[in-house]
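Take a look at these structures.
Two complexes are shown next, each including chain A; its partner changes from chain B in the first to chain C in the second.
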Partner chain A sequence: MGKKILRVDMESGKLEYEEVSEEYRTLGGRGLTSKIISDEVPADCHPMGPNNKLVLAPGIVTGTSAPSSGRLSVGGKSPLTGGIKESNVGSRFAQTMAKLGLKAVVIQGKSDGYKMLKLDKDGGELLDASPWVGMGLYKAYEELYQKFGDKVDICSVGITAEMSGVNSGICFNDIDGLSSRYAGRGGLGAVMASRGLKFVVLDGKNAPGVEIKDKELFEKGRKKLAKAIQEHDVTKDGGALPSFGTAVLINIVNEAGGLPHRNFSSGKEDMAEMVSGEKKAEMIKQLGGERPHVCSPGCIIRCSEVWTKEGGKDPVGVLEYESVWALGPNCGIYDLEIIGELNRACNDLGLDTIEMGNTIAVAMEGGMLEFGDGEGALELMEEIRKGTYKGRMLIHGTEFVGKALGVHRVPTVKGQAMPAYDPRSIKGIGVTYATTTMGADHTAGYTIAPEILGTGGKIDPLEKDKVDISQALQRSTAVIDSSGYCLFTAFPVLDIPEGLEGMVETVAGVLGEDITVEDLDGIGKQILDIEREFNKRAGFTEKDDRLPEFMRTEELPPHDVVFDVEDGELDKVHEG
Partner chain B sequence: MVMVKFFATLQEPVGENKVEIDAKDVSSLLDIILERYPGLKPELLDDEGELKDTIKFMLNGRNVDFLDGMETKLKKDDTVAVFPLVAGG
Partner chain C sequence: MGKKILRVDMESGKLEYEEVSEEYRTLGGRGLTSKIISDEVPADCHPMGPNNKLVLAPGIVTGTSAPSSGRLSVGGKSPLTGGIKESNVGSRFAQTMAKLGLKAVVIQGKSDGYKMLKLDKDGGELLDASPWVGMGLYKAYEELYQKFGDKVDICSVGITAEMSGVNSGICFNDIDGLSSRYAGRGGLGAVMASRGLKFVVLDGKNAPGVEIKDKELFEKGRKKLAKAIQEHDVTKDGGALPSFGTAVLINIVNEAGGLPHRNFSSGKEDMAEMVSGEKKAEMIKQLGGERPHVCSPGCIIRCSEVWTKEGGKDPVGVLEYESVWALGPNCGIYDLEIIGELNRACNDLGLDTIEMGNTIAVAMEGGMLEFGDGEGALELMEEIRKGTYKGRMLIHGTEFVGKALGVHRVPTVKGQAMPAYDPRSIKGIGVTYATTTMGADHTAGYTIAPEILGTGGKIDPLEKDKVDISQALQRSTAVIDSSGYCLFTAFPVLDIPEGLEGMVETVAGVLGEDITVEDLDGIGKQILDIEREFNKRAGFTEKDDRLPEFMRTEELPPHDVVFDVEDGELDKVHEG
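Right after this comes the complex of A and B.
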């Protein structure tokens, strides 16, 4: 059975299953969400107005037995950046959606009151979601699992999205049913809430599964890719990712002088070790949490974990590298238990941890509280929960809070706050932050791999000639985000050519298309061109492809460097 | 003396996170740590006994691959961080 696109009109309550057009047939994930948004959403619309839409699309191989492929793309016009947005998440929800035969779900219009979209193999319906409005997501998920059974998958928005906070992500369940997996970036939670959609609940019982056109080719590719993942030092059993999780990066990025501390005022501090992946793995063992863990069934990398309080109580879910950094060192906080509670609050309220951590850091810079004041940061999260004026100010992103408090050191691009790498000492990631269509986003072209980690080549992070590597990685990332594979599969496939071949063969096998490794750069460019054209129509120019001024004027210790890639060089990322 | 810091999967064979070592360059530092901590051999060396390409020595925050490689000179109060291949994001 071929896949369908489900269109949900929140205003009329009508659900329509559409045949997939030839133009969309070979697309999936980010490639599909960006194409639909570009085709259907006026670029100059208000992100929370009636003309914006939200699109959910699993990747091409998602829902098959391809390893580490439980990824979903969520697209829309971002209220945080004002441009096109694709936010990506790993969750069983993605696999269930694909198995239900859904290539995409398009949410449009606006309902009266909050609704829940419930879908199963026979179709779907919109139900009343008002009993869960104003409720924290951990409790809401508990109630929904009691109501629908533990096999369903849930997508949701939290309290902050109900308050139209443009730092609201979209939350998905982990395999234990915790509200801890996020398509966090860009404020798409606020877009979902603005349609009147509070939850999507999927019941995958007896779902037909994903059709594979060329099973032999798919299986050949699947084996090659699985072998590469299991052999590579990063992803193999006992490797860095399953042993320590993504926060294993804290130490190496700090040692390299690229871990931002206290709102991007230093690149290295000895206290970083106290919140490192190594320390966290040790504490998880002591506290009774779980490591390694998977974000979705069939992941053989297993970088996830369950962080808990003592005795395994009150599980939070994973504390990712970016979250630990944003809510920790960037705020001058070096206490994993406080960071865990801040992460819990973000998950419960429906906030993106990267944006929130940056917002708190800028609030600290602006004098709202002191750097290092973990208890004060937790109190701010309670202000948000209560919906006080101060709390409501804090959910509109780092740039907004910087303006409100008169702070000039505001680490944003296109309105979106930077992740856990300072571009002054790791210049390639600065090129990506500046030029990606997404706003400051490390995943859009992860030059950290060759600049710091030594995967996919070795390049000096302080060298400024980074346009080519950023361009190549931005294009390959757009392809991976469309395939349904986790971005971490890039580590083995960048180093093991058979792994990349295998990845391409699985995609070609599902689609029944003749695709080769040589086609990938062009496919990636097409996706980026669509996104860039949307942003141009939304009013973006070259001036938006720049880092904030302070990064060119304030030297970052310990290397005492500024970001010195010339503007003309940045613009070359879009050439060729 | 040079402060040598070990990270990720290298910490267990060493038994501590940091040690002080007297070495004139990175190459001689490697020899000393292999002799002192034999459990590091499978982590640092490949099947042919050569240093794995994935091992990183960072001198005062700079990967020695971008300095003078294993011949990079060390001086008093330098810090060398030793990393296996790690990743995340």
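Right after this comes the complex of A and C.
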């Protein structure tokens, strides 16, 4: 039985299961969400108006036994960037959705009042979601698990999305049922809420599972990939990611002079050590959390964790590198317990941590509070929860608060705030920030792998010549984001050729298509071309492929460098 | 003695008088501000960052005895639109500046603390302006007139500009010294404040005056133009403008179904009559104000007035058509006394009334208050004055508050809110809104003249074929905005050929250049090309030359029409 596309018209309340067209048959994840958005959403529509849509699509191998492949893509026109958006998340939800035979769910129209979309193997229905409006997500998830049993998977938007905050992510459950996994970037939570959709609840009981056309090929590939993951220093048992999680990067990037402190004012500070991955792993032991941990069943990398308060109380879920940085050093805050509370508040309210940390940092620069004022930052989160105007000033992203407070040092590209790598001292990631279709996004072409970690061969982060590496990684990332594999499989795959072969064989096996490693660059380019064409129709030009002015003129200590990759070079990324 | 360009470096505090280059010699007003901004400001700079500049330039004939020519252009990169901006104002300030031999003042850099630029015939200096920071402008002007005597002219920015509000205009004195004349549009007040400049004070005592190269030609032209103004029905003594001011349009445009009510939800309502120009003229008599009145000496049209409270108290200055509409019908408010108070608050705080009225209307649509709640609107102005976060949500323009409250019916083009004509039922003005370099701006190509008033031949407002008329008017407007003449001279000039000849002769006379009526279209196109080229470098495309989605899909009563001029037609406006 092939997968179906479910179309939910929120206005009429009608659910329709559509056959998958030949054109969409080999697509999944990002490749599929971007194609559907490009085909169905007018590029010049208002992102919160009646014509935007939201698309959820698991990756191609998601829901199979392929390792570390519990990924889901969420697509729409972003109210943060004004361009196309794919936001990617790891959650069991993705696997359940695939096993239920859903290739994609398309949400369109707008309901009266908030609804919950409940799906199981027999179909679905829209239920009233009003009892959970205005409630924090941790509590809402508890109630929903009580109501539907602890086996369901939940996708949701929080209080800030209800307030149309364009920094609202879409939240998914982790394997403990915590509201801690986010398709965070680009404000798609606001789009979901603007359709009137509050929750998607999946009951995977007796789900048929994912059809694999060529089981032998799939199995062969799966083994090769699993072996590569288990052999690579970054991903193997006892390796960097399982041991310390993504926050292992805090010390490494700080040491390289590329960890932004106090709204991108310095690239290195001794205090970073206080919030490092190593320190965090130690504290998790003391506090009673859990590490390592998986975000979805079948992950053999296990970068995740459960951060808690003393005695295992108030479990947050994972504190990712990006979140620790955004809510920590970038705000001059070097206290993991406060960062944990801020992260919990973001998860509870429905906010993307990267954007929120940048927003707080710009608010600090604009004088709303002092750099380093962790208690003040926590109070801001309560202002948001209460829906005060001060709070509402903080839910629309970093550019918005920059405008509100007259700050011109605003670290955004295409309206989306930068992740935890300063592009002045790590120039390849600056090329990616500038030129990806997504707005400033490290995951779109993660040059940190070669520039900082030496994966696929070490290159100098301060060297300007990064067009080729960013191009190659942007294309391969578009493929990985479509496959359903976690981006972290790229570490072993970049260094171990058999790993890459195995990855491709699993995808070919599921689809029953003849795909080889040589095809990947072209497939990636196709996806990016669709996204770039959408952005062009939305009014984007090469002028949108630029870093903010202050990064081109203001030197970053300790290397005292500006971002000096020429515009003409940036424009070459999408050539060829 | 020829004019000079004064360059003020706010950082060093240095004032330099520069000779006028041959390239700039024949330019004035908008033609000059746009050229200097285009030459000196990087199009991709942050409008509030260190590289933006502010340019003030009187028109070519400003400061002479040419009738109705007391106009000044203010230019910069707009923080509201992100593109080039010329904002035009009528004030004696313009005349004094020209008489002081200043072709332009260029403000660059940023001072510590707020300064006042004081200029007289012997030169200038920067003084401390901190005593007036945080003070309403009516009171500040009173104090400055006490300090410097009642003959000076004053340019200023208000409290909202100090708060970086990108809907901050630049205020100028009327002939009674009231802070009521505004270069309001596009947020250039925020740019001026971001340079650290709070006031420009001009002492015109013994100013040398404006040199006229060919006095005979000038005098010949002046008489022809004055005669045309005194003959035309709109501008003559007892004509529409002197009798009722610009608000004479309220009844006329409402009758045509083009007066937007309640955030562009209806084009005609009976209640409009309660805020008509006729009603206002009657009330001015009762309340003790003055009508007609001039905005600057030598104006023979006299559309202005002094609106006051009962007994002539709390004089506001003029209540323009656009302001009455924006703060009135567009907010569902049909009470002139409340509108007068709202207008006074805008003048006092330093806000553009058109943008502010739209902002309040969108705030009403977003649920911040009810349509028609005049008292609530007045309370919002006090929130702004106090600098609360609620208030600060309202000083950054209409798109900002739309985003803040999740409203998608936001009537803006290029980020600037629409004036008092609904483009669905008056399509030519829609073509101008869409395609002008300025963002939605009626003055940039005032098709209302032929579409509603029949000036230059009557054409049907509902007819779609408006590319040619908008193009012609955008070009001629660019010329008028450079000449120093008030745009209202266009009424007689469009209908009476000798008037136009006379206008051109005065300009040719001042410059000593051989300019004829046939040259005007080309000169206008040159100015627009410079502006369009700047906007292109700033990242604008034809996608920015579009009206908002809801106006293309939502029918406007009573004609039940959408804006249906095709995109391809809009793109033709700047061809040829």
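Keep in mind that, in the parts below, the second predicted complex is superposed on the first by the 576 of 576 C-alpha atoms of A that agree within 3 Å, B and C clash if a C-alpha of one lies under 4 Å from a C-alpha of the other, contacts with A are read in each partner's own complex, and residues count from 1 in each chain.
Heads up, the rule we're going with is that a contact is a pair of C-beta atoms (placed from the backbone, for glycine too) under 8 Å apart; a residue touches a chain by one contact, two chains touch by 3 or more.
These numbers were taken from a predicted model, which means no experiment stands behind them.
Peer 1: Check whether A:G454 is in contact with chain B, with chain C, with both or with neither, and answer first, second, both or neither.
Peer 2: After superposing on A, A:G454 lies in contact with chain B but is clear of chain C.
Peer 1: With the two structures laid over each other on chain A, which partner does A:N51 touch: chain B (first), chain C (second), both, or neither?
Peer 2: In the superposed model, A:N51 contacts chain C only, not chain B.
Peer 1: Name the contact category of A:G83: first (chain B only), second (chain C only), both, or neither.
Peer 2: The answer is neither, since A:G83 touches no partner chain.
Peer 1: After the superposition on A, what does A:G539 contact: first (chain B), second (chain C), both or neither?
Peer 2: A:G539 contacts chain C only, not chain B.
Peer 1: State whether A:P548 touches chain B only (first), chain C only (second), both chains, or neither.
Peer 2: Touch partner of A:P548: chain C, not chain B.
Peer 1: For A:S194, is the partner it touches chain B (first), chain C (second), both, or none of the two (neither)?
Peer 2: A:S194 contacts chain C only, not chain B.
Peer 1: So, A:N251: does it touch chain B (first), chain C (second), both, or neither?
Peer 2: Only chain B; A:N251 stays clear of chain C.
Peer 1: Can A:A240 be said to touch chain B (first), chain C (second), both, or neither?
Peer 2: first
Peer 1: Okay, in this complex, where on chain A does chain B touch?
Peer 2: The touching residues are 233-235, 238-241, 243-249, 251-252, 255-257, 268, 273, 276-278, 303, 321-322, 442-443, 446, 448-449, 453-455, 458, 460-463, 487-488, 491, 558-559.
Peer 1: Would you pull the chain B residues touching chain A in the complex into a rising list?
Peer 2: Those in contact with chain A are residues 5, 7-9, 11, 17, 53-54, 56, 58, 60-63, 65-66, 81, 83-89.
Peer 1: Enumerate the contact residues on chain C facing chain A in the complex.
Peer 2: Counting only chain C, the residues touching chain A are 42, 44-46, 48-51, 79, 163-164, 166, 190, 194, 388-390, 392-393, 396, 400, 403-406, 408, 410, 537-539, 541, 543-544, 546, 548-550, 553.
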